[in-house]
């Protein structure tokens, strides 16, 4: 549909997730899930949230309403080599996709007309 | 005019206003107010600034030069329920518009060709 | 080439450079330097990094691979009047360009189809 809104949210800090998830919830409430295509790209320290059960549960509920969550593979690997936490792709919740490089995803989607929002 | 620049600034933290207002002042100085269509969308904690007289005065001066300031209704309501400060829409300075959901505004304007800037 | 990706990175805080330079390195690795046109606009406190030898060296390496670094003239001047550090345009490393107003650059490039990323 030509009237569908398209947006990619960029989350690169763990502490911005609450704001991002709140933004998305408000957006769905405002326009209705059938009228918007929402992607959420997590890179940097933001991928840490994928090991946090409470956060993952909130994401899952949004995923069930059509929101696509994407993790940057580079960031997952960096996390393993630089911190105590290691989230392997195989152990990611099933609804979370993985892209080779998060930044490339952000550029490609914008070139396709997705709006960019940094919560 | 096809040469008019169009931009929407996204301010979602109270402490980013000085930078945002400085950016806008520099932009107007650089291109001239007749050559740019500037919107400023405030959501999250950034709406707090609308109760700060000094800040509102600076915004008013920019508004007089054509800049449109917009507050997110969701954020105004959240503020009332989560902090001691409550800014009702009726008490907002007249030059500040209100949109139902700030995120929707950011997406729609980008789909119309507005550049996005997060100060 | 119509398939070239185009992106402008916006860095306005000194402490975001490591993330920005890491993002750019990953991007070049992912798509290849011949397939992407990368600009990096520094304004605000981010221009401080241009006096940091280690950072400038990393930028130079990326510049040699085609990345264009741009400093905001307003920000360079503000720095001189508000801090102990003063970086005059003449003393900037040669590979760093200067634009009169960084915000204008961000808007113009987006109007030409560059994606915007705030690391």
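Labels A, B and C are assigned to the chains in the order they are written; within every chain, residues are numbered from 1.
In this text, a residue touches a chain if its C-beta (ideal position, glycine included) is under 8 Å from a C-beta of that chain, and two chains touch if they have at least 3 such contacts.
All values reported here derive from a predicted model rather than from experimental measurement.
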Angle of rotation relating chain A to chain B [CA atoms, steps of 5 degrees]: 120
Classification of the chain A:chain C interface as same or different, half of numbers criterion: different
Chain centre separation in whole Å, for chain C relative to chain A (CA means): 26
Sequence positions of chain C contacting 2 or more other chains: 116, 118
Footprint of chain A on chain B - complex, ascending: 10, 12, 43-44, 74, 100-101, 103-104, 106-108, 110-111, 116, 118
Interfacial residue positions of chain B with respect to chain C in the complex: 5-7, 19, 23-24, 26-27, 29-31, 36, 113, 115-119
